[in-house]
Every structure is written in C-alpha cells, then in structure tokens.
Amino acid sequence: VSERYDAGSLRCLLEEVRSGACELDDALARLRTLPFAELLDARVDHHRTLRTGVPEVVYGERKSRAQIEAIARELHARQGLALATRVQPGDGAALERALEGAVYEPRSRVLRWGGLARSGARVAVVCAGTSDLPVAEEAAQTLEAFGHEAVCFSDVGVAGLHRLVAALDELASVRVAIVVAGMEGALASVLGGLVSSPVIAVPTSVGYGAAFEGLAALLAMLNACAPGIGVVNIDNGFGAAALAHKIVSAAAPGRS
Amino acid sequence: VSERYDAGSLRCLLEEVRSGACELDDALARLRTLPFAELLDARVDHHRTLRTGVPEVVYGERKSRAQIEAIARELHARQGLALATRVQPGDGAALERALEGAVYEPRSRVLRWGGLARSGARVAVVCAGTSDLPVAEEAAQTLEAFGHEAVCFSDVGVAGLHRLVAALDELASVRVAIVVAGMEGALASVLGGLVSSPVIAVPTSVGYGAAFEGLAALLAMLNACAPGIGVVNIDNGFGAAALAHKIVSAAAPGRS
Amino acid sequence: VSERYDAGSLRCLLEEVRSGACELDDALARLRTLPFAELLDARVDHHRTLRTGVPEVVYGERKSRAQIEAIARELHARQGLALATRVQPGDGAALERALEGAVYEPRSRVLRWGGLARSGARVAVVCAGTSDLPVAEEAAQTLEAFGHEAVCFSDVGVAGLHRLVAALDELASVRVAIVVAGMEGALASVLGGLVSSPVIAVPTSVGYGAAFEGLAALLAMLNACAPGIGVVNIDNGFGAAALAHKIVSAAAPGRS
Amino acid sequence: VSERYDAGSLRCLLEEVRSGACELDDALARLRTLPFAELLDARVDHHRTLRTGVPEVVYGERKSRAQIEAIARELHARQGLALATRVQPGDGAALERALEGAVYEPRSRVLRWGGLARSGARVAVVCAGTSDLPVAEEAAQTLEAFGHEAVCFSDVGVAGLHRLVAALDELASVRVAIVVAGMEGALASVLGGLVSSPVIAVPTSVGYGAAFEGLAALLAMLNACAPGIGVVNIDNGFGAAALAHKIVSAAAPGRS
Amino acid sequence: VSERYDAGSLRCLLEEVRSGACELDDALARLRTLPFAELLDARVDHHRTLRTGVPEVVYGERKSRAQIEAIARELHARQGLALATRVQPGDGAALERALEGAVYEPRSRVLRWGGLARSGARVAVVCAGTSDLPVAEEAAQTLEAFGHEAVCFSDVGVAGLHRLVAALDELASVRVAIVVAGMEGALASVLGGLVSSPVIAVPTSVGYGAAFEGLAALLAMLNACAPGIGVVNIDNGFGAAALAHKIVSAAAPGRS
Amino acid sequence: VSERYDAGSLRCLLEEVRSGACELDDALARLRTLPFAELLDARVDHHRTLRTGVPEVVYGERKSRAQIEAIARELHARQGLALATRVQPGDGAALERALEGAVYEPRSRVLRWGGLARSGARVAVVCAGTSDLPVAEEAAQTLEAFGHEAVCFSDVGVAGLHRLVAALDELASVRVAIVVAGMEGALASVLGGLVSSPVIAVPTSVGYGAAFEGLAALLAMLNACAPGIGVVNIDNGFGAAALAHKIVSAAAPGRS
Amino acid sequence: VSERYDAGSLRCLLEEVRSGACELDDALARLRTLPFAELLDARVDHHRTLRTGVPEVVYGERKSRAQIEAIARELHARQGLALATRVQPGDGAALERALEGAVYEPRSRVLRWGGLARSGARVAVVCAGTSDLPVAEEAAQTLEAFGHEAVCFSDVGVAGLHRLVAALDELASVRVAIVVAGMEGALASVLGGLVSSPVIAVPTSVGYGAAFEGLAALLAMLNACAPGIGVVNIDNGFGAAALAHKIVSAAAPGRS
Amino acid sequence: VSERYDAGSLRCLLEEVRSGACELDDALARLRTLPFAELLDARVDHHRTLRTGVPEVVYGERKSRAQIEAIARELHARQGLALATRVQPGDGAALERALEGAVYEPRSRVLRWGGLARSGARVAVVCAGTSDLPVAEEAAQTLEAFGHEAVCFSDVGVAGLHRLVAALDELASVRVAIVVAGMEGALASVLGGLVSSPVIAVPTSVGYGAAFEGLAALLAMLNACAPGIGVVNIDNGFGAAALAHKIVSAAAPGRS
C-alpha cells in the first residue's frame, strides 16, 4: 500500500548492510518491521498454483460475462488454462465465440480454454443416476482440463448393482475413483468396499423431500462403512476433481 | 363413569321399545346420547388384536418388574403370548424365573412367554454389522413369538457385498425382508434392488459423529433409490416385525 | 466394453474345454477373470422387474419430452406398461397425443400407457386433506397401472374423525392401506390403530411454517404409536404404491 | 442504589410543590429524572401475581434443598401457596417433613404447600401413554394448587381411539383441555377436532430414535390440522397449567 | 357406501323391535354391526361448528377462484359467515365483486363475507414490527368475523419498550392477547410478564439469515420465561384467532 | 526442526552480508528460504498477548490438575495473571492451596491468580435468571482478572421488566454490557433497546425441551431486533469478557 | 388513547397540588395510575438515538418506494441522516433523483442521504471473497454514514493467507475490525488471532450445498478459537456496523 | 449353505464338460445357477485387503475383551497386523499382556500388534488443539501400523498462525496431510491453501455449545474455500488414516 512494499526494498536494505550504511541492529529491527510480503512472494506465494498444486479457476456464479472473460484471458496467459465453472448457458455460448479455442459444455456449465500437460493418470467418475450427471460432468471436465483422463461410468446406482460389478475390472485400473450420488448416496459405500483406489464422494442435491437438498447423501457418505472415502461439499464436482488432482500429483514427484 | 355405561343399558332400551314403554323418537334420541362404548365394545374394539391384527405387547422401558409381570400374566392368559421388549437384564432374569416357560434373551432385551400359532411364513432379518445385532434380535424374537420363522443373515454390510450376493438364493424364498443397518444405511437400497419381497428398513443408532444417533441411516433409507421399501423408527426392531406380521397376515385370509 | 462380454463367450469357453483346446486350469483361470455379466444376465438381472417385482417406470423430473417418449415406447414394448411420474402438464398433453392409448392425469402429473394384468387386490389410498390429493393420486394411478384396485378415501383427516370411522367397514376389505397426510400426519397413527392391514404412510410437504416441508409429518409417522406402519419419502406417492405392490405380489406365489 | 429511590421521595417532591419550595418546572424536570421504580412499585409490579394472574412458583431444578425451603416459606406466607416443581425425591421427602402440611408427589416431582381458593372450574388433563404421566401429573398438581379441578384421562392415545370417544361426554364439561403426548403427538389434533374447549398441547420427550427428544411431538402439535390449539414447551406440564389458569381466570371477572 | 347408511335405517330397526319382527338379540347384533355414522351424525358431528366451537373456514392456498366461491357460498348459507384466508389478490378482488357484501383485505389476503353475532369480547393483537402486519391482520380479520373486537397495537417491539408500557392500561381490558412477532420473538415473553390475560404467540417468518424462516421466533416463544403462553404455527394468524375464539367462547356458557 | 532455526541465524546472515562473505543474491535467496519464524518472533508473535490484547488463559476442561498448575505457574510468572476456567471443584480447592494467592470460585469454576493492572473501566454483567449465574460469574471473574470492574445485575429477566428499568441509570455508566440469558434469550433485545453501550450476548444452555441446549437463546440473540449486539458461543462467559476487554482496551490508546 | 395522555396532564396535576385543589394522597394515587408515557417521553425515549446511540435507519425490504421516501425525509430532517438498507435498484435510482443529495449504491443496495459528524475513528471491513462484497459494502456504507472511516480489505480469504498477513500493519491502526465471510467463515478465527482490536464477524449466505445458507459460517464464527469475537446475524452488514458504531462511540465520552 | 458351494464344484463341472458327462447346455444352465461365490472367492473377494487395499481392523467399541483378543489373533496370523481402535483402557492393558508384542496407547485407545511393511511414505497429522490429540493419535497409530511415517504437528491452530507457517517447510515433504480440528475447524482451509499435498480433514467433537458435537467443524471443513480437501466422519482418525493409506498405496504400483 505504501512504497515500502516495492520489490527492491529488501535488496536495498541488504546493500545498506553491506556498505555499512546501516547498522546490524538497525537492519534487524527494519527486517522485523519490513512487511514480509516480499519474502512470502518468492517463498510462500510466488504462484498459488505452485504452492497448492491446483491451478486457479474462475467460479462463474454471480460473475458477469465481462468479468469471466477478463479473468479467463489472464489465467490462460499465465497458466495455459482458463477453466470457469457454473457459467450460465447464454454467457457460455458467447464466451466460446469470444475466446478462440474455448469450449463450453452446457450440461456441466463448464467453460474450458486450454489445459495442463497430460499426466497419463486415469480417474474414474462414477455416477449413480442420470440426474447426477451435471455434477459428474463438472468433475470430468475439470479432470481433463488438469491433464488427467476421466473414465466415466454413468447410471451404476446400487439399485442395479450388477452394472457396478461389471465395471470392476475397468475400475481397478484408475488412480482415484470419484463417486457422484444423490438420494441415499449408498454408491460411495458400495464402491469403497470394492476398489483399492482412494474414493472421493460427492453428494448431490438430487432427491425429493427427505433428501433435504443433499443432506441425506452427505451424511450417508460421511458414515460410509467402507474405509478410505473422503467427502466434499454437496454438488461440488470441481472440488472432487481438485482433490483427485492433488492425489495424483502428490504421487508424481516431477509434478508437485 | 356413570351407570348409563353398564353393559345392559342398550338391551334395556330395546326392551322398552319392544314393550312400548319408550316411544320411537325418544329411543332414537336416547340412542344418540347413549355412549356407544357398548357398541364399540363388540364391534370396533372387542380385542385390539382382532382389530389391528397385532397382539398387544409390553413395552418394558420405564416399567417396574412388578408391572411387567402383572401385564405379562394378563396378556399370556388372554392371547397365549406375553412379549415384553426393552426389559433390563436384571429384570429379565428374575421374570424368567417367575413366569414358568418364559425365556429372556439378554442381547435383544426381549422376554417371551408363549407364542402365536405357527404361520409357516419365513421373514428374513438382514443385519449390516455386529453392532446392529440387538435391534435385529428384537425383530427376530418378535417374529418368532408371532408365529413366523425368522431367517437371520448377519454381517452382510455393503462393504462386503459378496456375502449379500451369496445369500440371494435364500433371500428369494422369504415373504418379507427386514433390513437392520446403522451408519450410512446403504444396505436397504442394495437389498431393495435385489429381491422381490417387500423390504422393511430399520435404521439403528449405531455409528459415530455424523451418524447423529441414527439420523444418517434414517434419511438414507427414506431416500433409497430402490422402490418398495418402508421405513420404521430408529432402533425399532419390534415395529419392523409388527409390520412384517401385518404383511404376512394380510395375505392369509384365514388369519385376519 | 470389450468383445469379451459378447453373449457367446461362456459357451465358447465350455466348447474349448470339451474339445480339450483349453486346459482345466486355464479354464478355471479364465472363468475367474471372465466378466460374469453373462452369468448375472440370466440369474441376477435378466429383467429388473423379475428380480424386484417392480416394473421399471420413468421418473419425469428433469427429463425432456423426447426422452420420456423414447423410454416410454421401450418400456411399453417390453413390459406392456409405460408409467411416467412427475410429467409437466405441457409435456403430458403432448405425450397423450403422441402415444396412442396413453392417458395423462394433470393433478398427479402421471402419464400411463398400458398396464399389468389385474391382480384382483384392493389397496386403500386414504388422504387427509384436499391439498394432499396430488400425492394420493400418484399412488392411486401407480396402483391401477400395476394391476390393483385403488380404493380412495379423501378428506378423512383426524380433525373430522367420524368420516374415518364411517369408512372402517370398507377399509376392512383392503389388502394394504396407504395413508397420505401432511401437516401433523396424525392420520397414520389413527388408521394404524383401526385396521388389520399393513399401513404405508406417505408424509406430504403440505403445511406451513413449522411443517418444514414435510418434516413434521415425516417424524410423526415414524413415531406413530400404532405398530405396523412403514414410512416412505416425503410426497412419494409412487414409492408407497410400489411397496404396496410388493406386499400384494409377495403374497401371491403365482405372480412373484 | 442511591437515596433518591427511597419510598418517600415522590411524596417529598409533592410536598415541596405544595409549599412552593419547588417551582413547577423544576418539579416537572425532577419527575422526569426521578426513577419511576416507585410508581411502578404500586402500579405495575406491586405483586407480580396481581399483574400476570399467575402465582409465583419455585422451579426446583438446580436449587438446593435449603434454597427451596426458604423460598417456599416466603411464598407460602405471602400468597398462601408454595408450589415447587422438579424437586428431587430425596429433597421432596425431607421438605415434606420440614414444611408442615406440604405434600410431595414423587412421580411428578411436585411439592405443594397450601393452595389458592377453589375456582370451581374443571380442566381436563388428557394423557396419551403411561410414560407421559409424570408430565401430566405436574400439570394436574399445578391446576389443583391454583384452585381448579383437574379431571384426568390417562392412556387414551390415538391407537385406541375408542377410549377417547368414550370420554367425550365428560370432556364436554371442562373449561380447558390439556393434552399431554409424546411420540407422534397426534392426540392433540384428534382431541382438537372433538371438543369445543380450548386445547393446550404439551409435547413430551417420550419416544425413541426419531422422536428426537420431543421434537416430533412438538412439530406435530404445532401443525395440528384442528384449529384452536396452543402449544407449550416440551415436558412443560406446569406451563400448560399456568396457561389454563390464565384462561379460566380471564373469564372470571372477580378473579383477575 | 351401501344402502345401510341411509338416514332411516336406525328407525327401521327400532320399528322392527317394537313390532316384534326382530328379536332382541338380533337387534343387538345388528346394532353392533350397524355403521354408527348415523348416531354420530346427530351426536358427534351434526355440525363441526357445534362440536368444536370454531366455524368452518376456507383455506385459500392452492384453491381455484371457482372452488373458493363455491365453498364460500355454501358456508355463508349454512353458518352466516364465509371466511377465506390466503386468497391471492387477483382472486380476492374478483370474489369481492361476485359475492355481494364480501370484503377482501389485500394485506392479510383474507376474504370475509358475513360474520357471527357480536360477542362483546375484546382481544388484543399486538404486533412487533411492520413486516409482521399481514399475519396480525389475518388474526384481526378472523376475530372480527367470529364476532369479537380486535384491538390492534402495532410496532410495539421490545427494542422500543416504552410503547408497550404505554399500552398496558388498554391491554389490561382485553380477554386474550395475541402476540405476533418475527426475528427473536421476544415480545411474547415481555408481554406475558405484564398482563393477566392468556397470551397466544404467533411466530412469523420475518427476519433474515439465522431467523431460519421463523424457527428462531418459534423456539423463543416456546421457551418464554413468562408462564401462560400458548404458541401456534409460524405465520398462523388464523390459528391464533381460532384459539382466542375458543378461549372467549368457553367462558361464555350461552355460546358453547 | 533443524539448526537453521536458532535465534542468531538472521544476525549471522546479515553479518556475512556486511563482511562480504555472502553475495547479495545469495543473501536474498537465503532470506527467501530462511524460515521467518525469527522475524515473526519479534514482530508478529513475541507475545500473543501483545498481538491480540488478550492475555493467555488456561482452559481447564480435560486437563489434569498437574497440567493446570504447571501452565498457571508459567503464565503467572510471564504475565502476572494465571486465569483458569472450567476447573473441577476438587482440583480448584487443591490448586488454591498449591498456588499462594490463587482464589477458586466454585460456582463459576474459575481459578484466578494475580491480575492485570486496573483499567478503571466498568462492564455490566446482566443475568436473566439464577440458573444463568455460573456463566455470568465466569464473565465477571474474567473481567476482574483483566483489570476491569464487573457490575453485576442478576435475575433481571424480561418477565420482570421493572427490575431492568430500575437498573437503567446504573447501566448508563458502563462501557460495555454483557447479557447472559438462556431460555428465550429475550433480555439481549430488551437491553439493546435501552442502553447506548455495546451489548455482548451470551446464550446459555439453561432451559428445557425446546431450548435445545441453548439453540433457542442463540438464535434469538442473533435475531435481536435492537442493533448493536454481538453474540458469542453458548455458555461462553469467558469469551464475552474477552470481547469486552478488547472493546475497552481498544479505546485506551495507552493499553493496546 | 384518551385525553389523559395529553402533554399537559402532569403539569395540571402539579398545579392542583400547589393550589391545594388536590390532596397529597390523591396526587400520589393519581400519579400511580397516570400513564407515565409523559415521563418516559423526556427521560427514556425522547430520541431513540439518544438512548441507544444508534441513529434510526430504514429497513427497505418489503417497503414501497413512497414509504421509504417519506420516512427518509423525516429522518433526514430530524437527525441529519437518512440511511435505507436493502433498497431495490429501481427504487434506489428513483429515490436518488427525488431526494437531493442522496446517493444510492446498487451493489450494497444502500441509499444514503446526509450523515453524522465525522468521528475520526477507523473501522476495518475485511472481506473474504468477492461474493461477500455486497454485505461488506452494506457495513462500509453504514459506517461512513455514521461518521466513521471504513477501511476495506477485500479478497483476503484464508486460502490466500499472505494477503491477510500483508495487511496486518494497516489493520493494527483500526479501532474495530469487521470480518465478512461465507463458506467456512475461517477468516474470523484467523484475524482474531492477529489483531488487538475487537472483531465483529458477519457470516454470509455465500456458499453451496453444505453451507446451508450461511449456517456453516455462522457456527464456525461462534466457535472461533480466538477470543474476542462477537457474531451478528447472517448477511447483516448493517448490524455489524451498528455494533462497531456503539463500540467506537462508547469510548468517546463526548459522543454518547 | 449347501454342499454346492464347496471349493471344487466349478472344477468338477468343467471336468464333466471335458469328459462329455455334461452337455454344453446343461453346463451353461448349471453355471447360471451355480452360486458364484466360488468365482468371486478368487476374483472379487479372496481377501478384502487385496480388494480394497486396506487391512481389516477391529473396531473395539461394544466388543468384549475376549472378542477383541480372538479377532486380533486371527488378523495377526493372516495379515501380520492386528489393529484395534476404541479399546477401553482396562481391556487395553489386559490385551497388551495377553498378546505378546502388542502395544496399547491409552490416549488414542488404539491397540497395535505387528504391522505392515514400511512404505517409506510420510503423512502429516496436523492437530489444532490439545483436546483434539486423541483423534490425531488414532490417525497416527493407524498410519504407523500400516507402514507409513506419521509426522505430527500439535497445537498449530489458526489462532496462532505463525506456528503453522513455521512448519510449512516440513509440511512440504509429506505425501498427504491429515488435519484434525474441532471448534470452527478453520485449520483445514488454512492448511489447504498452503500445501500441495492432498488434505484430509477430520472434524472433532471438541468445542462447547454451538459446536454441536462436531457439526460446526464438519460444515466448515466441507465448505473450505481451499480446493483439494476430503472430509471424513467426526472424530474418525482411523478413517482419515485409511484414506491416506489408499492415496499413498495407489501411487505405488508395487503395493496395490
């Protein structure tokens, strides 16, 4: 906010120390009061992406088309990927035209422009019912944008268990399995008892009456009797993909 | 409360009508104000058992040993069965000694003395985990006391799905399937998608933290994606057995 | 997903065994890795209807008119009945014209085309208030489509108890009684204490303020002091009918 | 807190006005700043009993035996009645001995010493199940202590409706009907549709699992479809009696 | 449903008894099985108004204009009063024109046509804030239609306590005080500690965020530290008036 | 964790810079990777008390007597005050003996040893009922320990409003008013409309049934219609005092 | 309501006392029954602003443009400030034209006309995310209107902690810090552990699914581990500013 | 249940096919009805550990000492590790003596006997407050038993942010970070914004009043603004460790 924060202030201080223009004790005192933004700049926050391993994305809800476009251009320039979630269809179509190479997928309301380098990792997105598909798609689009292969299984709810069993071989080859389910959310437990990969459970707000906007599925997933399941927020397909991305990346030393 | 309620009042009235001692209009008026308990006695409520098809049982919670014994003796005399649920172990052992032929089962806290005629019907009691067993036992004991065969399957939770699948043949032969499960209650959905018999789901208060004393399982069961499931109160094994009894009995014209 | 799943692979394997082209141990190993979808096909899932006894229906919510029509045609061809619930009025009228013989009932938003063979069973649908009628109608339409006779009693709420009492004789003749009630949901308890048939309770979201969208009725029904009541999800008339169907069918050996 | 509050200050001021020692404007100013506790003393709060029509009672919870005894002596001296609710059995027995004429009733945990003049009014206390009796007793004891006749009906739950119907004549003669019920609380609705007197509903914490400590009964009573029902706090038998007392008293001009 | 229910069947039976055409035992048996609707007709339910003391009203929500008009005409003819609540403004204006003498009040959405005889009783409607006025108006309109004088006090919330204190004298003259308040609902407690009349508390859904659609006010009112308060459903001005009506009527022997 | 964290490392680096032993760019790089705990040590966290203005206290719950004693000795030595809350009576008495000059107050379960310099500020602690006193006492003890004068008003609940009004003059002189109330928590609203000082509201878990362990009071306080009220956690007397302390201190430049 | 309330009645009484036309005892009695509105007028409520220190504002929700304009004119004339919150954009623009000098800010929906004298105090408004800005703006606008300087920090959520750390110096200079955050509301805890000023936390309804309209943030803020935080209602930016205003004013003797 | 299930039945069938003793069509039919437990035995469920990658553990709650010992012996023999959680201290000490080499840790209530091969992976367990330590310990003990190195950081809550910042370098080296926090659970968000490893959040039931037994922390963690966080059940340290184990193992092809 003041000039004290400019990039060279630390170098200046050190130069004064070297030249003797600044006493050691003074230097120490100034260092203590010097805003350490600069230090943090390189160490803690040079790029949030570097720090957390998750690229920055645009949360489109309550943002204007112009705002989304501006941020998207900046992110695309900086990290080679602009991903915007929850973009309204009207805005999505317009942005697709405005940003060359961008693709908008209306069901998931995801706009994607560019992408990270391919990781070669496969992540399953297992979806209980057709009504859960928009959330599953948000997860899948995010995974693809982050460089992973999303392997989708839809309509494999527990009421038709054999479809799930039939997919087991293929599920055995993925690194992470994302389960997207509303209603009673039982698919997370069932899948968690069948695969060795970590399972990320996304409750959806699908269901009527006593589903209470996803609360039933959320509680069920948190109480899943199969160990090794992590739960994210209701309808949060992006959050599940971000966690899968971190899991996959953490295992690949060259990427983190 | 007054003498007007004594058993013969209706007969008296009719006699007066026959003898002409009472005018028709007066008789009609008196009939209107005559408490119809007497009528109801024979017609609506001679025996509650006759009306609802469910024998009367003793709910042992908050009742003294002496109270339970007194009611048990009366019920046993009247309907050939005294069944008491939620009986404390100390009381149960003492009552077993006091009531000849009575059997107390400590895990389910059920005291059973006598029983209804055997119906020949088989009802499955499917139990997700060992912690759910006391509730499952309460259901099984009640079923047996009511004259049905309880076929029990324990520890067939969804995290070990193959055990459930292995039991499918046997499950195909029952008239009703009772599912007892805590935690995420997913077993109800899974079973509901595999069998043709009606499914009665009993959520249990088993589970920690976000199970919220059975709320998670209750909501899951109400939202089960498989159709044909009826839910009863948390930990209410007796209630599930009573509903199963009504289902089985309703189908047997000679019994209802 | 691969050709290994094609229908004849199991037969092929057996032929190779017979011809000696395949060693026993190899055959065993291949059987272990052979997707058992084929086995399951005949045994567990040839028809979901066969397995669970409940015909497949179309849940119309969030589905386009074209989607509903396509699925309806397929179901009608396969099982002689296409039943779609929660169909918007505009779509319902159009589908009625498109599917010859289909009937759309706007109040319940149910589209019905064809039906199962008549079972001769009677199921009561007892409705507390006029606002609960759409849910009751959904239950009644489903029952009729599944081949049962729905006997409807409307506006028999507990505040006018005599109407319920007057219907008792007729209620005594049904196989199952479905109770549809919002607000305080007391009708389930009252009816449960009067009839011998199993009672299925459907809480509705009718009511204001502290009804909390059906929560009050739901809790009341789960806590009903009369034994023998199974509860389904809020506003879920279809679910109640499906459970009634299973109860009725389970008792009729020739049907299950 | 200062001497300005002593009882004679207002009289002093008026004397100064009369003697001319105080100018009118000064008197007005002093009146404005004079704490009006004195005025309120006679007008608004001479006796809280006079103001609200409800005698002061001792809430025994978390109070020591000595504290209860001291307050009881004071209340008994002042208003001819000392009523203490929620008194532990040990304390109750001791206080019965210490306070001559006091009576302790262990089931309701009410200690009663003295009483108000008889009003001649009858108030019904209708109790759904035996487990609800302690709460019903608290209401009945309070009514009797306040001078009214408590007419008790127990075990008239809706699952045995005929018992309620049989009591209708007697219920027609009361001024207020208090309904005490746990579980699904349906009795309030049923009674509200049968009697012309105002109905006060007391939900109790009786019930298991999904009763959620009285929440189910509370919501049911608030949503009762029969008009003319006022609900009080869970297990609050005293509160119901206090409201009944106000209703009865409000109608008797000589008492209020 | 059958001819046995027609009005004369009971008289016929009695005539047969008188003429000797029917034996006493047969008559008793037939009486037992005779549907007692006829008895109930005169005794329990000739008019619901007679039984409960509350006239029938039209709940306008989800009803068409034509339906409201039809029921209103019937009620007006039968009981001299047609009162409809929750009538949409468009329908209200049209019905005002269609039903001569009817008056529609848009703020409360109440349509009123005719009224009961004046009782002379005064009932206070105390309203915390201007946003609570529609609910308070519904209560006031209902009271006036039922023959009582509604004395309204608005904007006397606890944040401006002096306004409430200033109204105490007038509040002392009413038979019942209805308190209408949203947000924290504190007005019920405060008023309950100041007046001797019974207090009926109506929580409203007014308030933001943590008011949770009236839950905060509802809980506050149920927990009011001042005794003698009955609570009705959220936003239920009509219910409060109905309870006040019962309280006032119960005290007037000539009316009940 | 490594030796790099020792206290002199920053000084060493600067000395190397001065002596030329370390190049500027290297120094910058090392500064970036140097853990800045040292910097933070003097600047951000030398004493948490300095940073937040609130002395460190011991939360006694789940801590052994020995643990409390050890931390108390350290805090007393460092900041001249050891304050421990939620200390069990047995431990409190023993610690009083062990720590010379320490005082334990059983009702509030607060142990206090030493204290901060007197601020001269007065803070009111207004308590609705006697059951709320332990929480009020915790607040008062904390205030006194932090150097402020706690002015206590007890039993001034809204059901006896005149007591509150009588205290207004004295309340006008305090810097902050803490309101402690359970049940319906209305006192916060009432007081907030009467005084000009900021009001801190502490809901307590006092109340039965629908108080839901303090939830009713909490919601009421958050929805208080009078502006200028801040709410703290249920039963958190210490938290209220800490906020009052911050408010008082923030206004006294010499203290912060 | 009667003539007894007119402004001169108290003076008349005093004149009668002075002239001897009224006996002292009569005067005392009349004073006791005299409505003390007049006294209260000067003492307790001459201006609500004087009493509580918070100017009156217009809550625009559910108010018509004409109503807002009328109240605004009155408040502006009386207290030099008319502040209206939650004013719809259409109304805001029109009122800006109608009231000369008024300014409407669409994002916060605040209309401001005039203002109090500058206090010189600085209050921080720290905002976690861009979606929380409307609430933060409501707080800032209110602060400015009340004469304080609002120092705004936006987008300093805990996921980018360094931005918060960088602002610490500036935050050290404010008198109060208002934290506005939705989702998990962690910013309140973090800030509370870093600054010495009192912290006011405003949970916002921003967030999806399990944020439950602000409940998650509300609970988090109430449970903040850092002491010295007061919480206001969800989305209540005005309430936070009002509390900050009271805190600042309470410390400035010349203002209160 | 019958002999058909014995291990060799499939081989027998194949032999019959080979020898021609069984026709192809018969073999196909028999395969269809042959319980596929045998197939599943090798393929789907030979060892649950193999399938899900998580060794079987003993959940000690509600199990007798003898039961725990028996299962422990079996697990230790089969998988070289017997881990029992929630073992009561008395049982733990006894089992430590009975099982040679077993170690019981009273704070976490974990009994550990043997262990899996070391993986070399490091997993952080970051604990907000000392009260959260038992849950953190359960996670750490589980991790160590599963062969990973648990790196523990305690008392690094967000109110003392610098402690967290100081640990960042060390946190950068772990594969997964488990965050254990009660109260407002903010630590998950803060850490999630600072590290690149996946974060598993465990809400604890620590906190008072409005923490609602862990609900506050649970909701906060689900709403964490930092992406890449998976949440497990309240107090479920074991569940977090199991998920971490799956994440670590999934990345190590040789282990899964």
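The letters A, B, C, D, E, F, G and H name the chains in turn, as written, and every chain counts its residues from 1.
In this section, a contact is a pair of C-beta atoms (placed from the backbone, for glycine too) under 8 Å apart; a residue touches a chain by one contact, two chains touch by 3 or more.
These numbers were taken from a predicted model, which means no experiment stands behind them.
Chain pair A-F has a twin interface among E-G, E-F or C-H; that twin, with over half of the contact pairs alike by residue number, is C-H. In this assembly, the C-alpha centroid of subunit F lies 39 Å from the C-alpha centroid of subunit H.
Note on chain placement: the centre of subunit D and the centre of subunit H lie 55 Å apart, centres being C-alpha means. Centre-to-centre separation of subunit F and subunit G, using mean CA positions: 25 Å. Multi-chain contact residues, meaning those touching two or more other chains, occur in subunit G at positions 36, 40, 44, 48, 160, 165, 192-194, 209-211, 215, 218, 222-223, 226, 233-234.
Shown are all chain pairs that touch, namely A-B, A-C, A-F, A-G, A-H, B-C, B-D, B-E, B-H, C-D, C-E, C-H, D-E, D-F, D-G, E-F, E-G, F-G, F-H, G-H. By the touch criterion given at the top, residues 44, 48, 50-54, 165, 168, 175-176, 192-200, 218, 222-223, 226-234, 238-239, 242-243, 245-252, 256 of subunit B touch subunit C in their complex.
For subunit H in complex with subunit G, the residues that touch the partner chain are 128-129, 157-161, 183-186, 188-190, 192-194, 207, 209-212, 215-217, 219-226. The touching residues of subunit F, when paired with subunit A in their complex, are 10-11, 14-15, 17-18, 20, 24, 27-28, 31-33, 36, 39, 42-43. Put simply, subunit C touches subunit E in their complex at residues 130-131, 160, 162, 165-167, 169-170, 208-211. Across the complex, subunit C meets subunit A through its residues 1, 5, 33, 35-37, 40, 44-45, 48, 61-63, 203, 205, 213-215, 218, 233-236.
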